[in-house]
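Here you go, one structure.
Letters are used for the chains, namely A, B and C, taken in the order the chains are written, and counting of residues starts over at 1 for each.
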C-alpha cells in the first residue's frame, strides 16, 4: 500500500543517500563529456590530438581484452605499496628518534631539509646511472620521495604533544621509557596518520614519473608509450585511470583512516 | 684569556649559544657526507662513473659555460652558454608560470569561494585535475605542444593553477560572514566586499598556497623538462645521465635544490611568515 | 607528629621567557603541612604560587632552601606527590578507567588488583558508568574529577592541586568544591590546594597561606576552624567563622593587589 506515511518513510529513506551530490556530479561529468565530444568533432585529426570519449572507452575495452590494463594497474599499485611501505617503515622510526632527542634532531634537521628540497624526481638521473632502467631505480625514487614527508610530520607530532601530558606522567612516577610508550607515541599517532597520507600521495606521483622515466611497465609507462606510438586514446585512458585510482585511494582509504585515527585518539574538538 | 676563548665568547654572543649549537651540530652530517664523498674518490670504493670527484663537479660548471661569448649571449639563452641557458630557462619558466598561473588561480579560487554554483562545477574538476598530478599530463602535453617550452610551461601552469585555486577557495570560505555583512551594511557594494573582505581575509591561505604551489610546480617542471623539454635543468640532468656524464648530473641536482632552497627560505617563507603574523595568526614552521 | 611537607627558606629565581631577565619568584618561604590537613594557598597573580607547586612537584629544580616530603628531600618528580593540573592533563587517548589506573600501571601493579582499585576511585569521584568513556566525551567538571581520581589512585603522600577548578563554570565549581571536601573527609589525604579565588580558599582550607605580590613571600596564615562535615555552600554565608575568615583573606590579598598595581 502506498499510503502517505509510507511515502514519507520512503522520502526519509532516500535522504540517507547522498543522491543530490551524485546527481550533481553525474551532470558535471556528462557536461564535460559533451564539451569534449564537441571539441574532438570539430578539430582536425582528433585521433591524434583529442580522441573522443567513445574512442577512449573503446580503447579501454581493447586493453582490458588483451589483459594489458589490469596488468599495468597491478604493477603500478604493487610498486606504490612496496615503495611507500618501506618508506613509512623507515621514516616513522626516524621521525620518532628525531622527535625524542634534541641533539639528534639538531644534527640531522638541516641535512634532511636539504635532501627534501632535492625532489625525488631530480635524483632519478643519478639512480638510473647506478642501476639502469630497473625496478630498483623506480623503488629508490619512491622511497626517497616518501621518506622525508613522513619523517618531518612525525618529528613535529612528537614535539607537539602538550607538555602538560608529559608533566602529568612524570608526577605519576613514569620513567623515560614509560613516557615514550604511554604519552609520546600515542600522542603523535594522529600526525603519523596525516604524514602517511601525505607520503603516499608523494609516492604516487613518484611511481608515475618513475615508470615513465625508467620505462617499467605500469600506468605511467602506458601513457608514455601511448604518446610515442601515437595512441592518444590510450594516453587519455591512462590519465583517467591514474586520476580515478588516486581519488578512490585517497577518499575511500587514506582520508577515512586519517580521520578515524584522529578521532580515536580523542584529539577532535567537539 | 687566550685568543681562542675570547673569540669563542664573541661568537657565542653574536649568534647565541643555542643557535651556535644548532649550527655546529647541523653541519656535522654535511661534513661527514662531503668527506665520505671525497674519500670515495681517493680510495675508489665506487667507480668515478657512479660517484664523480668533487673537483669534477665544480669544473663541470665552467666547462659547460666555456664557449660562452659573453653576458649578452648568456642572457639571450644562446646555445653556446649551456649552463646559464639551462638555469635561466628553468627560472624563466617558473617566473612566467607564476605570473600567469597565480593571478588566474587566485581569481577563480575567490570566485568559487564566493559562489556555490561555480564551486560545484569547478571543485570536482579540480579534484580530478589534482589527482592526475602534473606529471601524468606530460605525454598529452607533448602530443599537443611538441617537445619544448610550451609543454614544460603547460605542466607547471597546470600544477600551479589548481593548487592556487583550492587554497584561495578555502581561504575565502574561511572568512567569517560577519565581515561581509558589516561592509554591506556600511553601504559597500559587491566589489568592495571582494577587495576589502575576501581578498585580505583569504590572504594567509593564498600566500601559503603560493609557497606550496611553487614547491610542487618546481618539481613538476623538472620532471617535465626531463621528459618533454629541450632545455632547462631537468633536461640537463636527464640528457647528461644518458651520456653517463655523472658529474653534470650531480651539478644539476645540486643547482636545482639550491635554487629551490634559496627561493623557499629567503622569499616565500618570510612572506608567508609575515602575512600570517600580520593577520594575527601563529606561524608554524613546515 | 612531624609535618608531612616541610619547606624551609625556599628562594627561587628564573629567567623571563621573553626578556631573559631574572625574575625573583619566591623569597624565603617557610611552611609546614601536617598529615591529613588541607591547606589552601592564595595570592595575587604572579605571586609565585604555581612556581612553588612546580618545585614541590619536582618539575622545577631549585637551589636555595629545603623542600621535603616525609623527611625526604624533593629532587625530581615522584609518585609520593600527586599533582592535579590547572588544565586538562588527562590523556585523551586513554579511557577514564585507564587514565585513573595509569599511575598503578606505571608502578607495575597486576591487572586484577589494579582494576579493583580503580573501581573504588571511580566510585569515589562519582564517575561510575563513565569508565569506558574517553576524555573528549566528558564535560569539563568530569574531566577534573577524573584527574583527581587519577592522582588519588596512585596513593601519594600529598596531593598538590594547581587551580584545578579555574576552568569550569561557576555552578560546576561549587559542586566540585563540595565533592573535594567530601573526598578529603573520606580519604584523610594531605592536600595543598592552590587558587586565586578567595571564597574557594576559605571554603576548602583548614588553614590558608596568603602570599604577597612578587617576590612571593608567605604573608599570613589564616586558620579556618570549621569542621569539614559542616562545610556546605548553602550554609556558608550564614556561618560567622567562614565570613570572617573569608573577609580576612580578602583584605590580605587586596593589600597585595594594590601594591602590585602601584608598582
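Brief remarks follow.
One rule holds for everything that comes next: a contact is a pair of C-beta atoms (placed from the backbone, for glycine too) under 8 Å apart; a residue touches a chain by one contact, two chains touch by 3 or more.
A quick note: this is a predicted structure, and the numbers were derived from the prediction, not measured.
Taken together, chain B and chain C share the touching chains A. Ranked by how close its mean Cα position lies to the mean of all protein Cα atoms, the top chain is A. Distance from chain C peaks, on a Cα-centroid basis, for B. Between A-B and A-C, more contacting C-beta pairs join the chains of A-B.
We define each chain's centre as the mean of its Cα atoms; on that basis chain B and chain C are separated by 53 Å. Taking the mean of the C-alpha atoms as each chain's centre, chain A and chain B sit 21 Å apart. Look at where the CA atoms of chain A average out and do the same for chain C: the two points lie 49 Å apart.
Here chain A touches chain B in the complex through residues 24-25, 28-29, 31-32, 48-49, 103, 106-111, 113-114, 117-119, 121-126, 128-130, 152, 156, 204-205, 208-209, 212-213, 220, 223-224, 226-227, 232, 235-236, 238-239, 242-244, 246-247, 250, going by the rule given at the top. Contact residues of chain A toward chain C in the complex are 162, 164-165, 167-175, 178, 182-183, 186-187, 189, 264-270. Remark: chain B residues 21-22, 25-30, 33, 49-50, 120-121, 124-125, 127-129, 131-140, 142-144, 218-219, 222-223, 226-227, 234, 237-238, 240-241, 244, 246, 249-250, 252-253, 256-257, 260-261, 264, 284, 286 touch chain A in the complex.
Per the touch definition, chain C reaches chain A in the complex via residues 57-59, 77-79, 81-83, 85, 87, 89-93, 102-103, 105-107, 134-136, 150-151, 154.
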